[in-house]
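What follows is a pair of complexes built around subunit A, which joins subunit B in one and subunit C in the other.
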Partner chain A sequence: MATPVSVLRLPKGPDPNCRGFDPNSPRFIALCRTSIVTSAASETDAEQLPKEQHARSVLRESFLRCLLSMTNKKVRFHLHERVKVEATFGASDIDVLNFQVSDLHTPIGVQKEALIRCQDVISFTFEA
Partner chain B sequence: MAMRQTPLTCSGHTRPVVDLAFSGITPYGYFLISACKDGKPMLRQGDTGDWIGTFLGHKGAVWGATLNTDATKAATAAADFTAKVWDAVSGDEVLTLAHKHIVKTVNFTQDSTCLLTGGNDKLLRLYDLINPEAAPLEIAGHTSAIKKALWCNNDKQILSASEDKTIRLWDRNSMQEVKTLTFNTTVSSMEYVPDGEVLVITYGKTIAFYNALSLDLIKTVEAPAPINSASLHPEKDFFVAGGEDFKLYKFDYSTKEELESYKGHFGPVHCVRFSPDGELYASGSEDGTLRLWQTAVGKTYGLWKCVLPEDMGAENSEQLYTSTPEIKA
Partner chain C sequence: MQCDWPLLGPLKWIRYVNKQVKVKAGKDEERCGWLLTVDPVSASLVLVNFKEEGGASVQVVMGHAVEEVEVLREADDETTERLQTSFLPSKTRRLDPEELRKRRGGVRGWLEKNRIPVEEEGDELRVAGVLTITAPYGPEDCCSSNQIILDRIQKLIQSVIQFQPDNPETDPESDPATTR
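And then the complex of A and B:
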């Protein structure tokens, strides 16, 4: 008598209240968040596209280098609701969703280790 | 100890599932889209069958559905005389392409810049997705409704199957017919395997394999019942088929031997496709469900877990289902 293969759980079915496409899924966050839409989406200018792509690469590289140079430095974060906090920067996660910081000075005390949610950050500054 | 196949049932549709397609393998895994007569095509995670979202917008039965390779776009063909292109990440409708009759089939080129459609107006249409306002290129020739149209030969050619009992190969640039295959009956399904240029066709109880470039016959295999759809494993060692007797059949491609048959669906099987990694195959049925089946029964993959005899009866905090409760359609 053959044993049926075990299953961890059944496939999840549809949510009756919404159409799905969870905006908090890693895929959605990674692929849907472009604040600057490419010009290819509206009109096509074949000459513009390589220039625009080059500019995007330059901006991205300088942003990544900025994150690198911030390691172990004191950084001041400007958050929503006019909140300013200061902390020692550790690292960013790969999708730039969270920053790992130490010694976070908040209005209600110092947090030894913390994660700052990037969507809460308006801007940040530090001495290079 | 022999293991018995446990299919995973994906419920959610309320009418027959008539078409399904997998995406390629993306950094987020691979995905599955199902076309249903309830007009609400669904996107699922390919290896688990978990529902991700439903594309809402069509006003009639959806006859065809496809995903582009990286699963960022979806396209659907419906009885409301439109084909629609969707953002497969957000679920938003991106484009509605009006046709003059029921649209049955949609297919993206590999770079997702062109969409091929076909339907009951007997015309093949090529839509430029970069300039969607431009009128589509039209290819005429079929004398009856088009059931399936696919890009082949690196998107340089098009294969179309029609109720006029022919399969035609067209050149994209010249828009001319290159070759025609004529059958005694309408072909029920067509699958194109780019690696090795193999075309899998089903008609009556026959599963036929052709060279997709020359349209030369490679071999035919007879099944025990009329077959509606078949799919060849990426490594070309097996193929699976399903049809009117509700069962899924697994055959050895080289020897043509029937290896296994599986009961499970409560209605005819309309479509069956292997996943891009070949580890499972999905079937869509008149009973309104999709079922996922393991290629290597008993292997740990997706939601299936290999439980060794020594582990049986041991303390296990994980709840394991040993038999899936059947959900009546």
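And then the complex of A and C:
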């Protein structure tokens, strides 16, 4: 099962005109509802905005450090339909929409490099 | 089935941090653990479970898959401390004040030797009014909005560490006496 499988099709790259967090980019609007809705709600209450921003940055920093500590570690991804795959974590994109991994063990073989869509992932686990 | 979890917002999410939670996600799958953080961009929950032999097992549940989040209990002080420090090595490890003072003095002396204006402001070092160095005064602890100065100071401090790795007693504490 350890024979590497050749890449069948390269994934389409990101739109070069958008910048990840740009709330007007079609990619962001289609996939990331969270931040837009929250900002709209807090605009009605200007006092809450600094508190919300502080909470947001604390949470995000913590999460980014968690992603950092995950690099080059073996991670088990739980996908839909109870599919479990293991891979070595490489990086995440800024919107947490895709994970770049190496040595992805799939039921049909080992992919040397792969991009996993986060919508396909239910959860993932690793040892700290 | 989409629940309201991704729509709660940072102010509500942060209230779940440092609590033991049970998360229902996917097909009747439940995960328990201490909540370390929630990613504000994807609403993903980071759950930590400590292992008996030390170390921790971390599970991240993607925000879009969350069906229900239930709080089981709050963390006591010891667990909170463990959550903040033992898991993420990039956070500051606490050093005792004497050690920090020596290191601060060492870094300050080195910068002054290199003709860089530096002032002590409490526990921090303020460099040229635009860069701040917090404990333990390593290259990763420099903060500035000026990328060029940040780069230069980081490289300078890097050479202090290589010069005197584990011995703060022989630090430039003794140097100011010889240079002045």
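The working rule: the second predicted complex is superposed on the first by the 87 of 128 C-alpha atoms of A that agree within 3 Å, B and C clash if a C-alpha of one lies under 4 Å from a C-alpha of the other, contacts with A are read in each partner's own complex, and residues count from 1 in each chain.
Throughout what follows, a contact is a pair of C-beta atoms (placed from the backbone, for glycine too) under 8 Å apart; a residue touches a chain by one contact, two chains touch by 3 or more.
Owing to the predicted nature of the structure, the values given are computational and were not obtained by experimental measurement.
Chemist: So, A:Glu127: does it touch subunit B (first), subunit C (second), both, or neither?
Modeler: In the superposition, A:Glu127 touches subunit C alone.
Chemist: Counting residues of subunit A touched by each partner, does subunit B or subunit C come out ahead?
Modeler: Looking at subunit B versus subunit C, the one contacting more residues of subunit A is C.
Chemist: Looking at the overlay, what does A:Pro4 touch: subunit B (first), subunit C (second), both, or neither?
Modeler: First partner only.
Chemist: Touch check for A:Arg60: first (subunit B), second (subunit C), both, or neither?
Modeler: A:Arg60 contacts subunit C only, not subunit B.
Chemist: Quick check on the superposed pair: does A:Gln119 touch subunit B, subunit C, both, or neither? Answer first, second, both or neither.
Modeler: After superposing on A, A:Gln119 lies in contact with subunit C but is clear of subunit B.
Chemist: Would you tell me the residues on subunit A in contact with subunit B in one complex that are also in contact with subunit C in the other?
Modeler: In subunit A, residues 32 are touched by subunit B and also by subunit C.
Chemist: Would you pull the subunit B residues touching subunit A in the complex into a rising list?
Modeler: 1-6, 8-12, 28, 42-44, 48-56, 72, 89-91, 130-131, 292, 294, 297-298, 303-307, 318-324
Chemist: In the complex of these two chains, what residues of subunit A are touching subunit C?
Modeler: So the residues of subunit A in touch with subunit C come to 32-35, 37-38, 41-42, 48, 51-53, 55-56, 58-60, 62-63, 65-66, 68-70, 78, 80, 82, 94-97, 118-119, 121-128.
Chemist: Which residues of subunit A touch subunit B in the complex?
Modeler: Contacts found on subunit A: 2-15, 19-23, 25-28, 31-32, 40, 44.
Chemist: Taking the touch rule as given, give the residues of subunit C at its contact with subunit A in the complex, in rising order.
Modeler: By the definition above, subunit C touches subunit A via 6-7, 9-11, 13-14, 17, 25-27, 29, 31, 36-44, 46, 48, 55-65, 87-91.
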